[in-house]
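In the two complexes below, chain A is the common chain; its partner is chain B in one and chain C in the other.
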Partner chain A sequence: MSILDLENLSIDFPTSKGVVHAVTGVTLSVEKGRRVGFIGESGSGKTTTALAAMRMLAAPGFVSGGEIRLNALDHPNVLDLSDEEMRQVRLSKIAYIPQGAMNSLNPIMRIEHQIWDGIVAHEGGVSEAELKRRSNAALEGVGLDPKIVARLYPHELSGGMKQRVCIAIGTCLDPHLIIADEPTSALDVITQRHVMQTLREAQARIGAGLILIGHDMGLMTQSVDEIAVLKKGELVEYGPTQQIIETPQHPYTKELISSVPLVGGASFLDPAPATPAEGEHGDDPLLELRGVSKVYGNVTALHPMSFRLDGATPQIISIVGQSGSGKSTMGSLMLGFNPPSTGEVLFKGRDVYTQSAAEKLAFRKDVQAVFQDPYACFNPFYRVNHALKFPFERFGLSKGADHTRTAMEEACIAVGLAPETVLDRYPHQLSGGQRQRLIVARALMLSPKLLIADEPVSMVDASLRATILKNIHDLKDQHGISILYITHDLATAYHVSDYVMVLYKGHVVEAGPPKEVIGDPQHAYTRLLIDSIPWPELDRDWGSYESARAALDRLAEIETRPETVYRGEVPGFALSQG
Partner chain B sequence: MSQDLRPAPADTAAAPETAAPDATGLTAAQIKRMKRFDNPWFNPKLIWGAGLLLGIVALGILGRLFWDTDLVFTGAGMPRQGPVGVENIRGQVGTWAHPLGTDVSGKDILALLIVGAPNTLYVGVLASLIGMSIGIFLGFSAGFIGGRTDDVIRVGSDVMITIPPLLILVVVQAAFGDITLTLMAMLIACFVWQSPTRLIRAQVLSMRESGYVQMARLSGASTGHIMFREMLPNLVPYLFGSFIANVTTSIVTAVGLEVLGLGPQRVPTLGRVIYDAINSGALIQNLWWWWGAPTILLAVMFIGLLLINLGLDEVSNPRLRRL
Partner chain C sequence: MGRIPADYLLNRLFTLFLTVFIAATLIWIIPRMSPINPVDVMIGRMAAGGGSVENSGAILAQLTERFGLNDPWYVQYWLYVRNTLTFDFGISTASFPTPVVTMIANALPWTLGLMLISLVITFVIGNLLGALMVWERTPRLWKVAIPAAMVFTSIPPILSGLLLMYVFSTQLGLFPLTGAYGLNVEPGWSWDFAASVLYHGFLPALSIVVVTFGFWALGMRGLMITVQGEDYTVLAKAKGLKPRYILYKYMIRNAILPQITAFALKIGMLVAGQVLVERIFAYNGMGKLLYDAILDQDFPVIQGVSFVIILMTALAVFLVDLIYPLIDPRIRHGEATS
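On to the complex of A and B.
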């Protein structure tokens, strides 16, 4: 018998612009012990649907039609329950594991007290010894040592541990259904694998149904039994994981699956043009780092490293690493935003941090960037063309208003945007993908010598990632711009780059051409990263809970003795540690 | 794995990221209420507040055109006259010659209001303008330059906030004797720059790291450009709110000083009228129109400012708007 049935569920949000039908006519059921994945892009209604089952819709949303039946109850229709009855159902029958564990735990309560809270609220006066026994069991169930963790405060735990505490809270009353809302989106891939395995194990142990909400097809493939694909509030495809992955029916599902780039396999890029554009020729290398390091207080973000990029033939150099690996620090060092603690950053033989005002302007023109967050990159006060027009005029590239306008239009067309529909709009009227493409168009207009792309696609919906990466790749091939591509995503680095550096805690642990480094990793850390990526392929298994656990232990081992594995050279780029 | 190699087709309009809103099934009244929020400035509180303040300005302008402002001088009419149709203690009934009555020395109350109300507003607006200018300058300096400059400005404004302004002003004004409206506004301005300084400093600090400021730096923008072209426009709602709050504070301070008899001696202001009324025993003689009329006008002024402030809050924070 199923645990939860949604029947023809519709959810509306009245807004100042009219009623938004966030969810329309969704019908599905979750069986006991089964894992169902809700996948879709931001705004597709996946979280809204799941929250409706807990009657926790954000105001002013309301269920405008259909039924939600939780079959564990005497009166299964959730919508008919009183608020007090609903309160009793939450956590004991349906548990919710939130997205940002860092913000979901009370910062001033010890971990065990937070678990007790839920037990006491549902079962009343339970003796402290009993509470202690149960919270310890719950913590053990998620692989945390209660002797250490139970008495700690949330800020003393890492992100992955906090998320596992949230799982412990969610499973401590043996609910019939667990709703996990992107439980790993804020974690790096290695921790993600461990947390997901923990969640799967805890769910299997208590035999609950699981709804996993996410946008990553790979994660879904590795974690759930059935997949529900949502688009704009409608259920477009629903079926067993194998069927969805192997024979997707709906074009949107196909798009979602193909948007996950794979290591190996066909590239999503055009074959290189016969005559690639020429780069910058000069006596001095385009960019050179000499013994650069960065220290914040007593944390070393980047250990001393040197490299030189000739730039004679444009190249894409990828810097790959997890959050905290120092990759973004490297980006801001090279942009001249953040002076290094030791060493010097040279652009065409001149120190970036000791330039005169005129040199600085020339440097700014030659070195441009694409940042991670396309939503923040436009000043909300101006129309988006301000971001393109201002630097163009500032760098003296413009020959008049008409010339600026044509240049902007050409750049838009080059990145696949229709100029008349985007240029005269305000940023909030454009989607994230459109904005990020405009930023690429901006870089194209200014034709810099070097482009620093800091996680350019990590905040863009999956279906647009390939397009934007292709736009960036074209900058190299067709416009001769050398690119430093900073990312956490090994698969895209594999396809776009000429040379890859893997960064771990400020050390380069492995470096070389992508076919070697990512296709056949030698360093333990690189291997760990690649093993931890959830692939949207059923025959590439993610491994067991034990292997994920062992991976974390290995990571701790690497931390003590970082060493660099060099995997071959490419002409025009030289790297050395120290 | 196949991938479309052509660039994705240009999205036609702004691609909605959620399902498009739908206005079917709503009553006409609901739609009308929703429409009201299309333009956030078309806010009832803002309109009412602005209307009340403009009313006071209009009183000043129209009054000067249609009423004789020379009636503010002593002996302009019979003393202690009530408003139209009101009998005073001597049994005299007020006439249209002095619609709001006269005071103990025969000054026409209407003329006093016509001259005094804009004066009070002027002091408030001028003090607030000066205070805001100082605040913008110091707030930007502190937030942008940082380091020692920031320390000095931050500590300075924090210390100044703890000093009760009325205490200092009473001493200063008493020492000055008779002062002009402008000088009074400047003195009050010394006590209203602290909160805009802190507000702007905080906003600048958070904005300095924002993506569009980084973009502007990448575009080779000068510091001045970043401050005034990129950051300042986004501060406008905050500046407006802070400005209106400061006008209120300044008027309260000014009226407080005037009622103590420390304001300008030769120029009528609303506070000065109340001071005279209290001093001449208007309360005992039941000359309620003398202190009542300026009090009502002050109340209207404060309600207007409050409504503008509430309205501005809703403009800058859409969550406060209710359907």
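On to the complex of A and C.
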């Protein structure tokens, strides 16, 4: 029996520039106990469709046509309910698990109170002992110990724990349907697997239907029974997961599947040119870390480590790890933004933190950065030209306005952007992918020797990731720039890098060429990371709820005895722990 | 949360003391940079009152001696610090020989009463209206009326006071024009006196509320818009919580936090805040005392009033530092802020 039926659903957003048809003519059903995935890129209407079922569309959006039927109700037509009736349906019949794990809980309320207020809003006066019993059961149901968690405030929990509290809230009234809106997008792969398994387990226990909203085909393959592919508000393909994965019909579905970079398989990069560009030749190595460590308060973010990057042959060195592994700390240390607690950072033989003002200026020109958030990298008040032009002129590279213009256009073309469509525009007029490529173009204009790219593609849509990584990879082959690529994504590191180091809690646990480290991991932690990746292949098992939990226990064990597994050398780079 | 750590308390107390000390030193220095000699002003006033002053030179010397104005600056400063710490602000030069502390003691309760009550009323009304401007369930009429009422914010309090006096006292005869209590009642702890005080305090309080609620409402509106977009507010709605519960426990409760800091700063300022309102309503509070003292070049009174203002501000900030962790669990006593 179906729980939810969407019948020819259309949703419009009237704006000052005319009506935007966010969703047009979507028809689908969710069966009891079934899991349906809504997949598409940002702006595809997947969240809007799901929110319409809860009548929670953001203003000014409204349902302009079609029907939403929730069959558990006496009067199933959701659109006919009064506001008060709709309020009673929420949580008790349809529960919502939000996207932002970090921010979804009221910061000034204890965890258990945030479960209680939901129960009280739907059942009225319930005794405190009964509330306590039920909130404890709900927390236990998502693998949290109520004795520890119930009385805490949200800021005292990790992201994964917060998201499991949201699942506990969503399932505490045994709803018929659960809508989970990218519930794991802010989490690392190991936590993602655990939270996703927790959600599936809770949903199966209460026999609810599940709508999982997401953009990651791999996660969908491993989590849902049916997949609905949305593009620009239209349902372009809908069917059982196996059928969608194995015989996709619509070109957009095929694109979504192929945009997931895989470990092994065909590379998305162009073959290297016959005569790759030369790097920097000098007496001193390009970048050297000598016994560098970083301690914040009583937390060691990075344990002492050393490496030497010659730079004569340009290379891409990947630093891989989860959030909190110390990888971004390493990036800021190398950029001269964050003095190390011990040891020294040397660029061309000079200590980055004690160099003179003139040396510092040269260092800033030679070492460029690409950061994670392409939205925060531009000053919104200036056209993007300003961001490109300003450093170019300030470092004295410009020979006049025409020369600057030519350099900007060349840089745009080098990253695959048509100059006339992006220059002279404001940042908000460009997409995230365009902005991130402009940031790469800006770095390129200064002909740096070293580029530090900290999660450069984690915030752009999947289909653009390969393109931007290709741009970055070209910097090495065609412009002779050495690159430090900081990422949590093992699959992209596998393809672009010459050498990979895997970081865990500030320790390098495994290091070597990517074919060895990622293709055939030896360290328990690296293996755990690889096992936690959801693959868009049905015959690859993502493991059970128990194995995901056991993985977390194994992590704690790894932490107690750090060791480094060296998997081979590459010329021009040397690494040691200590 | 819970108990306040001793080292944190000591640290805060030290900051409190240092703030008061530095500020007290400044208010000692600043009037001394003025070219006017207060004794001259006093003689001038005597002359204005009695036609001419016999032996004015001798009186001048005697008064200068009496006020310690001949002593070297460090002696004057040392005496000032010692006396200030014991709340001895000396003797008024304008209302000679009334001790300044007596004048402040007479004026302070009136100002605290009037200003604290109007500040609390303004805080409650302003924040509530600011919240209602954002809440999606607010009746449409209110959403139009509240921003329209903001027009009053642009009126200086002195004009709003005069306007209120004209309408309610002169034209309608509903409220008294001036004074803090009626001439027919005896000051003391009686119902008649209390009623008279409330009756007389109504218009000055209203004139303050009307022109200052917009400050709170606009601040609250901005904070509420942020909170409205937060994921926890969206989840609260998805949980099917009742709209009023969401408004109070999820939205206002989070949005109000920065406003509480602003409230503490205002407590210190309120003593001096509405000098002109007290002036036009002839309300014998600290504002009027300060106003008169400035006109009369009455250094001891200016210093005394300024010191009380500083002390109140510093104390209010100190108290907010102590209570803030109780209202926001994310803030802890003694944790370094970065």
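The rule we apply is simple: the second predicted complex is superposed on the first by the 578 of 578 C-alpha atoms of A that agree within 3 Å, B and C clash if a C-alpha of one lies under 4 Å from a C-alpha of the other, contacts with A are read in each partner's own complex, and residues count from 1 in each chain.
Methods note: a residue touches a chain if its C-beta (ideal position, glycine included) is under 8 Å from a C-beta of that chain, and two chains touch if they have at least 3 such contacts.
All values derive from a computational prediction rather than experimental measurement.
**Student:** Looking at chain A, does chain B or chain C touch a larger number of its residues?
**Tutor:** B
**Student:** I'd like to know which partner A:Ser185 touches here: chain B for first, chain C for second, both or neither.
**Tutor:** Neither partner.
**Student:** Between chain B and chain C, whom does A:Thr300 touch in the aligned arrangement: first, second, both, or neither?
**Tutor:** So A:Thr300 meets neither chain B nor chain C here.
**Student:** Have a look at where A:Lys365 lands relative to chain B and chain C in the superposition and call it first, second, both or neither.
**Tutor:** first
**Student:** Give one of first, second, both or neither to describe whether A:Ser547 is in contact with chain B, with chain C, with both, or with none.
**Tutor:** In the superposition, A:Ser547 touches no partner, neither chain B nor chain C.
**Student:** Is A:Asp117 contacted by the first partner chain B, the second partner chain C, both or neither?
**Tutor:** After superposition on chain A, A:Asp117 lies in contact with chain C alone.
**Student:** After lining up the shared chain so the two structures overlap, which partner does A:Tyr153 touch, if you call chain B first and chain C second: first, second, both or neither?
**Tutor:** It touches chain C, and chain B stays clear.
**Student:** In the superposed arrangement, what residues of chain A touch both chain B and chain C?
**Tutor:** Shared contact residues on chain A (touching chain B in one complex, chain C in the other): none at all.
**Student:** Please name which positions on chain A make contact with chain C in the complex.
**Tutor:** 54, 56, 59, 87-92, 95-96, 98-100, 103-109, 117-118, 121-122, 153, 155, 166, 169
**Student:** Inside the complex, what are the residues of chain C that reach chain A?
**Tutor:** 136, 230-232, 234-243, 245, 249-250, 253-254, 327-330
**Student:** Can you check the complex and tell me which residues of chain B touch chain A?
**Tutor:** Counting only chain B, the residues touching chain A are 1-3, 5, 7-15, 17-26, 34, 37-38, 210-212, 214-221, 230, 233-234, 321, 323.
**Student:** Which residues, counting only chain A, touch chain B once they are in their complex?
**Tutor:** 14-22, 24, 41-45, 60, 232-233, 258, 262, 265-266, 268, 270, 335, 337, 360-361, 364-365, 368-369, 371, 373, 375-382, 387, 390-391, 394-395, 415-418, 421, 425, 429-434, 439, 464, 466-467, 470-471
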